[in-house]
Each structure stands twice: as structure tokens, then as C-alpha cells.
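Attaching a single structure in C-alpha cells format; questions to follow.
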Amino acid sequence: MEPKPPQASFTVLTEMIFPNHANALGTLMGGQLLYWMDVAAAIAAYRHSQRICVTAAVDYVSFRSPIRVGELLTIEAYVTRAFHTSMEVYLKVFAQALPSNEKRLSNEAYYTFVAIDQSGCPIPVPPVVPETEEEKRQYEESLRRREMRLIAAGKLDPAAASTLKLK
Amino acid sequence: MEPKPPQASFTVLTEMIFPNHANALGTLMGGQLLYWMDVAAAIAAYRHSQRICVTAAVDYVSFRSPIRVGELLTIEAYVTRAFHTSMEVYLKVFAQALPSNEKRLSNEAYYTFVAIDQSGCPIPVPPVVPETEEEKRQYEESLRRREMRLIAAGKLDPAAASTLKLK
Amino acid sequence: MEPKPPQASFTVLTEMIFPNHANALGTLMGGQLLYWMDVAAAIAAYRHSQRICVTAAVDYVSFRSPIRVGELLTIEAYVTRAFHTSMEVYLKVFAQALPSNEKRLSNEAYYTFVAIDQSGCPIPVPPVVPETEEEKRQYEESLRRREMRLIAAGKLDPAAASTLKLK
Amino acid sequence: MEPKPPQASFTVLTEMIFPNHANALGTLMGGQLLYWMDVAAAIAAYRHSQRICVTAAVDYVSFRSPIRVGELLTIEAYVTRAFHTSMEVYLKVFAQALPSNEKRLSNEAYYTFVAIDQSGCPIPVPPVVPETEEEKRQYEESLRRREMRLIAAGKLDPAAASTLKLK
Amino acid sequence: MEPKPPQASFTVLTEMIFPNHANALGTLMGGQLLYWMDVAAAIAAYRHSQRICVTAAVDYVSFRSPIRVGELLTIEAYVTRAFHTSMEVYLKVFAQALPSNEKRLSNEAYYTFVAIDQSGCPIPVPPVVPETEEEKRQYEESLRRREMRLIAAGKLDPAAASTLKLK
Amino acid sequence: MEPKPPQASFTVLTEMIFPNHANALGTLMGGQLLYWMDVAAAIAAYRHSQRICVTAAVDYVSFRSPIRVGELLTIEAYVTRAFHTSMEVYLKVFAQALPSNEKRLSNEAYYTFVAIDQSGCPIPVPPVVPETEEEKRQYEESLRRREMRLIAAGKLDPAAASTLKLK
């Protein structure tokens, strides 16, 4: 399979926050944001693999400042690295409020997706060839995040992790 | 503030999976499940703190077997421990399919919520007093998960973590 | 078919009321509540019969105090009695508001469901064996409610009803 | 207050059934139909009273033949009679399927609404003056249905009901 | 195929505007109105052709006064004329606000639909026989609107249009 | 007010088509697409004007090939030109289907928005300074489209239009 640059999976989602998306306080629900991030990441994985993809894991996500009704939300996503049948997707979430309309970074996150065939079985995906500085850094650090996932899942002893010392 | 047992925040959400919740494959979208888990956790935090609560963080979540249209989903949530203004909520997700209707564990996760007052400022919440064996274990291990969160957020060096060795 | 206790079909649905569920007054729409009660009852009938079930009838429902955006809603449902292919489901709806967070009974209702097979034909369901005092009372009184349904549907003359005198 | 004919509140709702409204069998969910009937009845009550109205009660509703994805649904509603601050709304639900496109009666039902003022208090509504034969019959029979409601709510002994014998 | 009068496709949609349909200003979103108009027109085309129909085009639509949460919306639609496999649908949108409850014309629009068979291919539809004065005028003027569509689509030179001079 | 390039309002919306968005045929509803185009255009107008904007008009839109469940949809939007308080927004809609994943142009359209202040009154917006060849062409041709809108709205006699001859 032909390797692909992250640019090939680059995806932008834009949403305006309506009362429909808010809790009783008029702020965007955390769960609604997690939902949109999942859609953005699913599309990036679909573009990279040219396959239907399903969510395999979500790394630690933290929510900083609240996002309010009437603000704009932009989610950028791309595949940082492929691991045989799975892909790590990096997401950056920005919010913008009037009148300044300045973009502020709201969240970063990593979702992992698996490409599947018609019968629902995992299927290999093309490797990723990072091009920019940021893409190369994401590509390198994806190994460390993978070990963090294994530790979180109870499948790896922190002492045995090869990359945690790098930090 | 009067300490409260996890039972006081215990919350059950039940959903039947409709075509409305599924992707093009007829399986529940990861993002929809993350949304429902956020609602369940928000309700548990609301019950513990008697305050409006907002999502502060979501720990690593992994998705095992797909859940299909026509299956039942049950989410159980309770507050494991309070840290001044924040609460850790433990979630267990079960799926059931016909004809056997057997419950299978689909996911476990930890969401962190912060209680806020009318002006949106964090406000202290009651401590948790665990009662059952499981609750006591969750209570103890919450310190280790907290350190994992700090490492994931880049705020703690893994080498300095006091609890990781316990595992 | 093995008889089952009501406990086997016991179902809990919890919802937080968002602007999304409210009318122009910020109160929960009656139709939204009827919708959630239908979902809860459908799940209870599904658990009892281990079959897909469809709504056959809804008894008289009255709506007392309004439920507002920001309140919690809890719906409890279980199958009270089976009549060959149909099941009567009893529903209790509770609302809770901050700061006291006290549970108040909002509604009670009875929905009737029919279990169907793959071709959409009604199919027999297991009998119910009530265990607690409440379950036994519900089981006994279900005959009277059934006659009320037949009167409401114009299929029974009130004078000929055998159970109405019991009351 | 000027009396009004049922024609003044006559309301038509038309919906095409999408996958979005269906259960796992591709048939319209009972709860979705109850929701739309509530909206239609709320609009009829709003038109009669020129006030915001809230659902007070739903009479017995039975569901006959299933309605499928791709069919049309038409709901007709009008206020049959006013009782000081409340209104009884009569609903007729029709379904149509291709290729014949014949309208079949799916449901009939009665919803009761209360008009409220800005502070949420019940407020008197105009009387109804029935004009057609059907409207006059509905107007007369509304007293009997009102007694059925009181019996169902446990507020009236069937033996004391004045209208039940009329049937 | 038997010709049909516009009355055979006449369709009424009524909606109450909820917070769910509004933007951050509490006014109905233009896109939500375009969506409902599409549903109303699709139903009118379905009734005329007794076929599943898909949207082929939307003519110029202008939005006058804003419609607010709590107002009523009524959409009336009928097929004005058929062109082999396509139908032009005329839509009138009315809004009503309390306390006067007067109906004001909010929008007029023309949507074009195509009837399709099971394999998704266009299929001929019955001709329209206008009956009332308004229907006859709509029928006549539909030729001019068709030329406007061809000009808008860049398929017709305005100078060559035969009907534009009629106006 | 400082003039702005179209780049400043450039907006991308990406959606994956779920069963939730489809009609009974499994194809994207025209009305759902019109809704998303309205959201994309509203965001572009918001970015250009740094004001809340409301839909004023939609030009002729034609729908070519059907878009199916499982396909990707990308909408690109930017403000082509400002006319005192209103803005013309140009939209390009692309669809992509597996396995080739090739982008095909699905639609083009022009929506007109008006910026409003807190009291809902129209308020002037910055002029647009086109930079690329396409932007310059859109800027020039916007005058002709404006005349088409006036003709469609019955406010301009086609014979008196100054730009129609240019074509």
C-alpha cells in the first residue's frame, strides 16, 4: 500500500453553537464536543484508509474554558501514524467568540480508529509519511502515547515502558 | 459539608439503539456513546454535589465489541472520590442483544467533573465515603488515576509519580 | 415458557432536561415525556419477552407540576402482567430539582406492548410472577385496568365489567 | 370572552416517516407518534386560547397497524370543548402508503391542555360553539370522557358517574 | 396517466418554534425553514406522483421578518405543473404570533422535484389540471419560472427566453 | 471599516452521511443539505462581519447526483462581496464515496446574509477585497446575480437590468 502524508486525511469541521447543543447554563456540553471530535476523527481515518473506520480508543481529554451558545467551534483532524490496522488521529479544537472573533485553542486530543472490511474485520491501512515539523513530531511521539494507552488499559507495566523515559 | 456514600450519586441510563444512533454500518457510533457517558456522569456529579457540574476531563476510553441497532445499552455511574471542587465519576457500560439478552461489559471509563456556582466559578463539593469493597478500591485507586491524568496533561513527570509504583 | 418476576424487566431511564427538550416556556414538553416513557416501557417489555415489542396502547396519563430545564428526570418501568402476547408495563416518573434535589413523583402510567416475531406477527410471552406487595397489587389490579381499556376502546359495556365493582 | 367554533383551532400536521423516526424494525415508534400528537394538540389549544398551553392529560390511546418508513402521516386536531381553563383536543391520525396512497385511519385520541399566563398560572379560555354534526357529537360526548378521566384518576366512583349510562 | 388537480397534492405542515429550532438570537434559522419547506414539497410531490420524489432544484427564496421561538409556522404546498418526470411545487409559509395570533405571509417559494422508480431512475408523472384562478395563474407562470431556472443554471441566454417578455 | 479578503471568511464544513440524514431511499435529503449550506454560509458571514447574521435570501440551487449514506460531504463557503449591511456568500458542495474517495462537485449556491446588532437592526459590514482570480470573478459577477435576485423578487424588470447583457 502506498504511504500517504497527513495532509491526505486533513479534515476541518466547523459548528456554530446553538441552544440545541447547550446545557442548562448555555455552555456547550462536554459530551457534544466529544461526539463532534469523534465524527471529525472518523472522517480523517476514512480519508486515510479509504475504508469505513470504527472508534477503538480515546486518549485523555481535558476541557478548559467553557464554550458558549453563539460561539464558533472549529475542529482540525489528521492521521498522525498507522499501526497495521489502526490509526492515531490528532485533533485540535478551537473556539471563537464575538466581538474580537479571536481563535483560542480549546482542546487537543488523540482518537484511535480501526479500518474494517465489509464483514467487520480489521484490515491493514497505508503507512503515514509525515512531512512538516509538527507532523514529524506527532509521528515520533505517537509511540509514547501508544505505551500510555497500554498502561491505561492495564496491558503494560509502567516500569517496562520504553518511551516514557524519553520525556 | 456532610460526606456522602457513592450510593447517593448512583445513576442508571438505559438506551435502545435506533438507526438514529448508528453509522452507515448499523453500529453505534463511538461519539454517541461518549455523549451518553457524559450525560450519565454529569447526572452522578449533580447528585453528589447538588450543583450544576461541567466536564473537566475524560480518561482513556477503549471500545471493544461493536454495539448494534436493536441492542440495549445500560450505563451505570457513581462518584468515586471528590478532590475539593472536582469529582471522579466511574462508568460501566453494558450491552445486551437478543435472543439471549445476556449483559456483556462493553466499556469502563472515568470522567472528571467540576461543580460550579451561579457565576460559573468552581465550588467545593462534599467528600465521598466509600462503603462496599468495590467502592473502597475505586476510592484508593483514584489517586493513581489522578497522577496518570497529570502525566497525560504534561503536568507531572512519570518518574516523580508516587502511586505508579503501587501497581 | 418459564415465568419471570417483574424484577427481570425492571428498567431505569435517567435524563437531564436540556433546552433541547423544552417548549418556549423552558418547561419539558408533554410529548417529550410521553416519548421517553414509551422508550422505557419498550425496554422493559423487551427484557421480559426477549423479543422486539411494539406499543399497543397507552392508558390515561396526567401531567401534574411542570418539569423545568436543569431538572433531573428518572423513569422506572417493569412488566406487571402478561396476557398471552401482550404485556402491561407500569411506569413511575420522578423529577428532582436543585438545590434540595428531593425526588417528587411526577407521573404514573401504564403502557401496553405486544411482542412480535421476525415477520411482525404477535408471539406468546412468558407469564409474570409478582413477588413484592406492590408487584402483587399491580398484578391483581391489571385486570381492572384491562377492562377500563376495553371500555375506552368501546369494546366493553361498563355495566358488564366484572372488576369495576371491586374498586 | 367570545365563543369560538372548532374550525378556529383546526390544525393539520403532516410528516414523512424517515429512518430517523423508526425503531430497529423500520416502523414508527409509538413514542414518536405520541410526541407529534402532543405538538398538534398543543397548537390547536394555542389557536383556540391565544395563550401558551401545557399538556394536562392524555386519554387512552391504542395503536393499530404499524406505520413504516416511507409512509405519510397526517394528524388533524381541534378543540372540542373548553372547561374554564382547560380544553379537550380531539386528534385523528391517518397513514398513507405507496403505491395506492390510500388514507387509512391509524389512531384517534383526546389530549387535554391548560392555558397559562406569563407566571405559569391557569387562565380562563373562550367557550367552544360546535357547528357541524361531528363537532356537536364530540362536544356532547366530552362530558362522558371527562368522567372517564376522573375515574381513571381515582377521583370519581364509576357508580356515581352521571354520563356513563348514556352509552 | 390520469391528470390530477393541485388539490390532490395539497399539503399542510404546522410547526411550533421551539428553542431547538432557533439560533443564538432566539429566531428560527433560515436553514431550518428551508428544511421544513423541502419536507412539505416532497410530500406534495409524493401525493401527486404516488412515487418517491427527490429534490431537483430550489428557486430563489427570500426571508422577510424573523420568526421567533413560541410562534406558529404553517407551510402550504401543492404541485402547480408537471414536466414529464419533474414537478414544480408552490409553497406558502405563514407565521403567527401571540397575542393577536394573526397570520402573516412569511415566504413564498418554488421547489422542483423528480419522481423516481425503485432503481432511482426518473419516471413520468401525471399532468396537472388547474382548477381555481390561483392554480391557473401558477400553471401559466410556471413556464416563465422554468426559463428563469434555465438562465440561473446557465443553460439559457436571457435574450432567447420566450416568456420573460410576458411579464 | 477595514476591508477584508474572502480568505478571512473562508469556512469548511465536513459531514459524514448517517441514516439519520437520509430519506427512505438512503439518500441525503435535499432539505438537510440546504440546512447545512445555511449553517456554513452563516458562519462565513459571521467571520466577515464579526456580527450575528441572519439569512436574507437563497439563490437558485440545483441538486445533481444523489448523495448516499456512508459518503462524505464537504461544504466550502466565503463572502464574495458586501452590499452595505448584506453579504453574498458563495458555497461549493463536494461529495466523496468509497472506495475511490474521489471528490465530485455536487452543488454550487449563493446565500445572502444580513448582519444585525443587539436590537435586531441591520448594521453595516466591511467591504470585501478579492485577491485570487476566482474571487475577483465572483466579486464582479455578484452584481449580475443581484439583479437576478431583484428580477426573481419582482422588483426589477428584466429589460432594465444593466448586467444581464454582459453574459
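The first chain written gets the first letter, and so on, giving A, B, C, D, E and F; residue counts start at 1 in each chain.
In the analysis below, contacts are C-beta pairs under 8 Å (C-beta built on N, C-alpha and C of every residue); 3 or more make two chains touch, one makes a residue touch a chain.
This is a predicted model, so every value here is computed, not measured.
K.L.:
When the contact pairs of B-F are compared by residue number, which of C-E, D-E or C-D has over half in common?
P.N.:
C-E
K.L.:
At the place where copies chain C and chain E touch, is the share of residue numbers found on both sides over half (same) or under half (different)?
P.N.:
The interface of chain C with chain E is built from mostly unshared positions.
K.L.:
More C-beta pairs touching across which pair, B-C or A-B?
P.N.:
A-B
K.L.:
Quick check: how many Å separate the C-alpha centres of chain A and chain F?
P.N.:
Those two chain centres are 29 Å apart.
K.L.:
Let me have the rounded angstrom distance from the C-alpha centre of chain A over to the C-alpha centre of chain C, please.
P.N.:
Whole-Å distance between the two chain centres: 42.
K.L.:
Can you give the whole-Å distance between the Cα centres of chain E and chain F?
P.N.:
Going by mean C-alpha positions, chain E sits 20 Å from chain F.
K.L.:
Would you mind listing the residues of chain D that make contact with two or more other chains?
P.N.:
16, 19-20, 23-24, 29, 39, 42, 52, 70
K.L.:
Considering every pair of chains, which are in touch?
P.N.:
So, checking each combination of chains, I get A-B, A-C, A-E, A-F, B-C, B-D, B-F, C-D, C-E, D-E, D-F, E-F as the touching pairs.
K.L.:
Any idea which chain D residues touch chain E in the complex?
P.N.:
11-16, 39-40, 42-43, 46-47, 50-52, 70, 72, 98-101
K.L.:
Residues of chain F touching chain B in their complex?
P.N.:
The contact residues of chain F facing chain B are 16-20, 69-70.
K.L.:
Can you list the chain A residues touching chain B in their complex?
P.N.:
Touch list, chain A to chain B: 23-25, 27, 29-32, 34-39, 42, 52, 54-63, 66, 111, 116, 120, 148-149, 151-153, 157-158, 164-165, 167.
K.L.:
Quick check on the complex: what are the chain F residues that touch chain D?
P.N.:
Residues in contact with chain D: 19-20, 22-24, 29.
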